[in-house]
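Chain nomenclature is as follows: A, B, C, D, E and F, assigned in order of appearance, with residue numbering initiated at 1 for each chain independently.
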Amino acid sequence: MAEEAKQGPPQFIPKLKGKKVIIRLVSGGQPVTGTIEGYNPYEILLQTAKGKLLVFKHAIATIGQVDEPMKGFTI
Amino acid sequence: MAEEAKQGPPQFIPKLKGKKVIIRLVSGGQPVTGTIEGYNPYEILLQTAKGKLLVFKHAIATIGQVDEPMKGFTI
Amino acid sequence: MAEEAKQGPPQFIPKLKGKKVIIRLVSGGQPVTGTIEGYNPYEILLQTAKGKLLVFKHAIATIGQVDEPMKGFTI
Amino acid sequence: MAEEAKQGPPQFIPKLKGKKVIIRLVSGGQPVTGTIEGYNPYEILLQTAKGKLLVFKHAIATIGQVDEPMKGFTI
Amino acid sequence: MAEEAKQGPPQFIPKLKGKKVIIRLVSGGQPVTGTIEGYNPYEILLQTAKGKLLVFKHAIATIGQVDEPMKGFTI
Amino acid sequence: MAEEAKQGPPQFIPKLKGKKVIIRLVSGGQPVTGTIEGYNPYEILLQTAKGKLLVFKHAIATIGQVDEPMKGFTI
């Protein structure tokens, strides 16, 4: 508890670095799949089958894990 | 009243932690259903039937409770 | 006038608390109807016929009053 | 020029207060027509033929004047 | 170089003041064409064939120059 | 490691300056292709086949590299 107070709100995206994810965009259409290589407050860098892709967070609706859907995001 | 003034504006999402919710996205399409496991100022972590799902708040239109629609969000 | 300067810009949503409203979302589709029970800088809590519904302000296009359309929002 | 520097960037919405406008929303669909009765940093209050309507600025694409399209927004 | 550091990031919209532009909106649909008469951090005032039009920046996807597409935005 | 801490979060867009990119917009539709000539916190200036184009970041869903998809965004 004391530790929680110290940590501030949970950060979910850092836990997904290096994981394969499926990203659904607010624009709908085909989701984007790839491995999260990096991130900053505004963007996520994804390694996809077709190369690196910079995804703006403001365009993301949801992120789910591909390989081990039940083990992701432990909090 | 004095207590309200001290508390600042009501916070609704913390009251939904651990509750089963239905989330409609601004992109329309199928709503997302799951249990809220965590949240921070930008994202909500949802446990769905298919695993964990990170939902960006900016992509959410509405959140309703599934199991006890009349009892949720007491303020 | 002096009073206006002191008050800052007009706040419209507080005047709608307890009122029945129709909310149109930026995503289009069916508008949402209910009574505003609470609000904070980011969300509005609505009592609808199907239970409470948390509506994110960023997803709202317009809010109109249902019962007394000509009397609402007096400024 | 010195005056401009002192005034900061031009404010367009205050000049439209009391004017009849046509507002197109980012969601597309039918534009909204009415007279601007008030505004704050986030919302515009419109008197429409069907009553008052609160329009969120984030949902607005464009605002044009209805009655005197060539005379509006003098800067 | 030293000058760049002093200037901060490049500002593109001021260079378009008085130029005829074509603005595509995030909502899709017909682009808007006109001359940029003014701007502030949130809005752009456009002189179109049908009168003045206030365009919210948050609703803009892209701005291109109409008359001299190769000469615009020199940086 | 110490260097990372000093640098703050990774910046991806500066690494794309001068590179040919394909930009998908949140509005869907045809992607925009061009070379990034400049950027600031809100906009990206693109040299396209039809001239310069100012693209608002808030309207961008993803940016990918065109010519050397596997070599872009080294972090």
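The rule we apply is simple: a contact is a pair of C-beta atoms (placed from the backbone, for glycine too) under 8 Å apart; a residue touches a chain by one contact, two chains touch by 3 or more.
Everything quoted here is computed from the prediction, not taken from an experiment.
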Quiz item: What chains touch subunit A and also subunit B?
Solution: none
Exercise. State which chains count as neighbours of subunit C and simultaneously of subunit E.
Key: D
Practice problem: Report same or different for the subunit A and subunit F interface, where same means the shared residue numbers exceed half of all residue numbers found there. | Solution: different
Quiz item: Between subunit D and subunit E, what is the separation of their C-alpha centroids in Å?
Solution: 19
Quiz item: How far is the middle of subunit B from the middle of subunit F, if each middle is the mean of its Cα atoms, in Å?
Solution: 33
Practice problem: Give me the residues of subunit A that touch two or more other chains. | Solution: 25-28, 58
Exercise. Between the chains shown, work out who touches whom and classify the graph as line, ring, star, complete or other.
Key: ring
Self-check item: Residues of subunit C defined as touching subunit B within the complex
Solution: 25-29, 32, 37-43, 45, 50-56, 58-59
Quiz item: If you look only at subunit D, which of its residues touch subunit E in the complex?
Solution: 9-13, 16, 25-28, 57-58, 60-65, 69-70, 72-73, 75
